[in-house]
């Protein structure tokens, strides 16, 4: 070690600079080499397609990806005027409204009750996180039979207690709710795990001192748990909203976007426009709208989290 | 005491409600068609006929293998590629490290569902339709993985690298013999997460697989639904159980790792 | 060590680049044992799917030069989506089964090789052996682009036991719209279940329209010139919607959604007494029911003679992205499927019609028709059909979308929206889709 320092001191400033630059250059290329695979994949399958999709959204494009003619803003104008697209956007937002708050409240409830110190908790934690291991295809298939008009458990239950059967997936009023219930169930596992992790990060001493001060269960919950969990809650809510905007599989399996487009969520609408109708241009315009929505939501999250980090 | 009873009651009711769909699927996979049509909740006898039929009516075993190959491939590649990139950002001082990190993280803003149209055309041009390569390669690197590994590497003391350097250790050597082994818990969290998400993928394999050679089990399930639902819900449910089994086992075994990893990724952002 | 690493990266990169430059010249694909490989995508699940596997197996065993690989791709719609994604590339299959309304789209898609080219070059094969009503649908300007494969039409199935329970004569099924209404009221009163149901599938609307002689599109249903106007909001369409609406308001109409299996399950579970289905359901319905199943012609509005039905089902298309030797092999298999004997077995196993009249003389089929007299309803209905532009069926490139639009309109009707407004809107939406399609095609 001392040898090296000594050697450096012996050199004149010019060659020391040269040495430094050489080192920097070497470091740069080593770093690039390390990052090359990641850059290649992410650049090629995320950055490039975003620009290409943006480009496509201004053209009439066929399903081969050939641009037929320049369309200007007409793809966007078409969407603006299309009642189908409006229905689809409405369904997308309604779906977010149905699923996001419910998922978070339910998983918060589950996290709070499993943060208690009682015997057998590991078992319940596994049970509550189990839906993380349920794929969208398998989950939706199970609900497809639970909600089946004639053999489904739900309708049998209703018929058993003397109510009319409900067209869970065939009536425009119920279909979106049914898809939402399925989605909430599937998302519980992930949210539960994150919220539980957040709860366990809260220091036990805080609760102890609160108890010394005579605070009851509810006071502790609302004065300590919820405020300290708020960054996690916010993270979870943004992730859940973004997830809800990206839902596809459950729609494909349960309803195919129907009845009367009432469950035609945006990703399904993109898929249909591109692969069922072959209009890649308008599908790309829809994809850009989805991108913009997610972008706005994520920016809000980053801003918010920044603030939270400061005050903690 | 009273409080404990209430907690237990809540726990048990919630556990029942949440696991009910999966329990019903398991139960229905043993029922006869008549029992399903009648709306029974439990089978009258246990027979594996539906499983036999599920494995013979569609190449379910082959589908499971396909899913396994794809999920395992993506998992290994993600662990290596994301760690390499994160290592460079943390341990190699170079101009633009911050910019690169920002660029990587900014891809969190790009929803895959907005990019899949163009990616599909790319894969088509490459001739990668109906290949494992096409199913796997786009997912070899994720912003989440790089981010998670960066958080982990930052917890390793820099002195470790400095002294290793004195011993004449190269970056690659240090990466292999120190950085990676010291990050085992986070690596397993990322690995489990990558495996689960790839195993559960739906939209991409739906577009990309047109024959049974590469079709993943999720799409196989969709095929089963359209071919069998009229009469054989029990067979479809047997298929569902076979799809769920690997991921549920993985989840039970790796839950604690996964929780730690996800919480770290979520909270330290 | 570092050298090794950079080498690895280089390898990854070059694999990446090489793959991008793969050449697109079609090669003759061979199986491991040296046979020409023909991939065949179809949309037949369940019983018909098994029948296809049997047909393909016996073809593969009948000769040793060609191997046909049949792959199930889900519903017609799902299959077409998959095909759109790879059509025209070397990833495309050699033969695809496409439903009848995809005919125009396929002929203009640029993915396909018109079969007429091969038929003209083959002295042994003649289209004269095929049923005239079926050819009427699939011929475009006198050329046959695809080989009719599974043809069916829509008939009414009814539950004779429920008829008896409601005091109706099980041998006198309803023939007109108002009879269907009366019967379903009586059935509903007696059993508490739905009297009548239609699957929410555009095909049934098309059939009921054609049976009144109504056109779907202008320019003779798009057959004399490219259509640019939808006529579904005329009086014929209006009658159908009003009829459905009245039964819906009376609470005698069942809604079982868009899934074929759901409505069939409902019929088998006696949740509905009468419903419309494809003839292809005949065998399944008769065998799966604990009650006596009757079949009847499609109903017509009162005081009108039935004009007949449109040939439904699917046909086999040959793609053009494959090597010529593969195309020849594919044509050999397609010819095999049209063979009267093969058709007889196929028709007997499924309930589709044979495409060649000769097959009716086949013993296998005669035995089956004797065993299941329900089959003959659809055969009679097809043979009673007069060939007009209405019963020839409409042609347009956006038919799948048009169906979806009509299906949405029916679903909105069931929610109580105004039938005339819905039909007007649906017609306008279809016209818009046609316009966008033409723009895309560069027409």
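As written, the chain order gives the labels A, B and C, with residue 1 at the start of each chain.
Here is the rule we go by: a contact is a pair of C-beta atoms (placed from the backbone, for glycine too) under 8 Å apart; a residue touches a chain by one contact, two chains touch by 3 or more.
Chain identities (UniProt): A, B = Glycerol-3-phosphate ABC transporter permease; C = ABC transporter substrate-binding protein.
Please read all numbers here as calculations on a predicted model, not as lab measurements.
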| item | value |
| --- | --- |
| Hypothetical removal of chain C, resulting connected chain groups | one piece |
| Which two chains share the largest set of C-beta contact pairs | A-B |
| Averaged-CA centre spacing for the pair chain C and chain B, given as whole angstrom | 38 |
| Centroid distance [mean C-alpha coordinates] between chain C and chain A, Å | 38 |
| Geometric centre distance via CA averages, chain B-chain A, whole Å | 15 |
| Overlap residues in chain B, where contacts from two or more other chains coincide | 37, 124-125, 171, 207, 222 |
| Junction residues of chain A - those touching two or more other chains | 30, 37, 64, 148, 150-151, 275 |
| Shared-contact residues (touching 2 or more other chains) in chain C | 2, 5, 85, 265, 269 |
| Sites on chain C touched by chain B in the complex | 1-2, 5, 19-20, 22, 24, 39, 41, 45-46, 49, 69, 71-75, 78, 82, 85-86, 89-91, 93, 259-261, 264-265, 269, 284, 288 |
| Interface residues, chain B side, partner chain C - complex | 37, 120, 124-130, 133, 170-173, 207, 210-212, 222-223, 226-231 |
| Of all residues in chain B, those that touch chain A in their complex | 3-4, 7-8, 10-11, 14-15, 18-19, 21-22, 24-25, 28, 36-37, 39, 41, 80-82, 84-85, 87-89, 92-97, 100, 104, 107-119, 121-122, 124-125, 137-138, 140-143, 146, 166, 171, 175, 196, 199-200, 202-203, 206-207, 218-219, 221-222, 225, 233, 236-237, 240, 243-244, 247-248, 250-252, 255, 258-260, 262-263, 266-267, 269 |
| Complex contacts: residues of chain A adjacent to chain B | 1, 24, 27-28, 30-32, 34-35, 37-39, 41-42, 44-50, 52-53, 56, 64-65, 109-110, 113-114, 116, 118, 120, 124-139, 141-146, 148, 150-151, 153, 156, 185, 188, 190, 193-194, 196-198, 201, 217, 231-232, 235-236, 239, 242, 245-246, 248-249, 252-253, 267, 270-271, 274-275, 280, 283-284, 287-288, 290-291, 294-295, 298-299, 305 |
| Interface residues, chain C side, partner chain A - complex | 2, 5-6, 9, 12-13, 16, 77, 80-81, 84-85, 87-88, 200, 255-258, 262, 265-266, 269, 271, 398, 400-401, 404, 407-409, 411-412, 414-415, 429, 433, 436, 439-440, 442 |
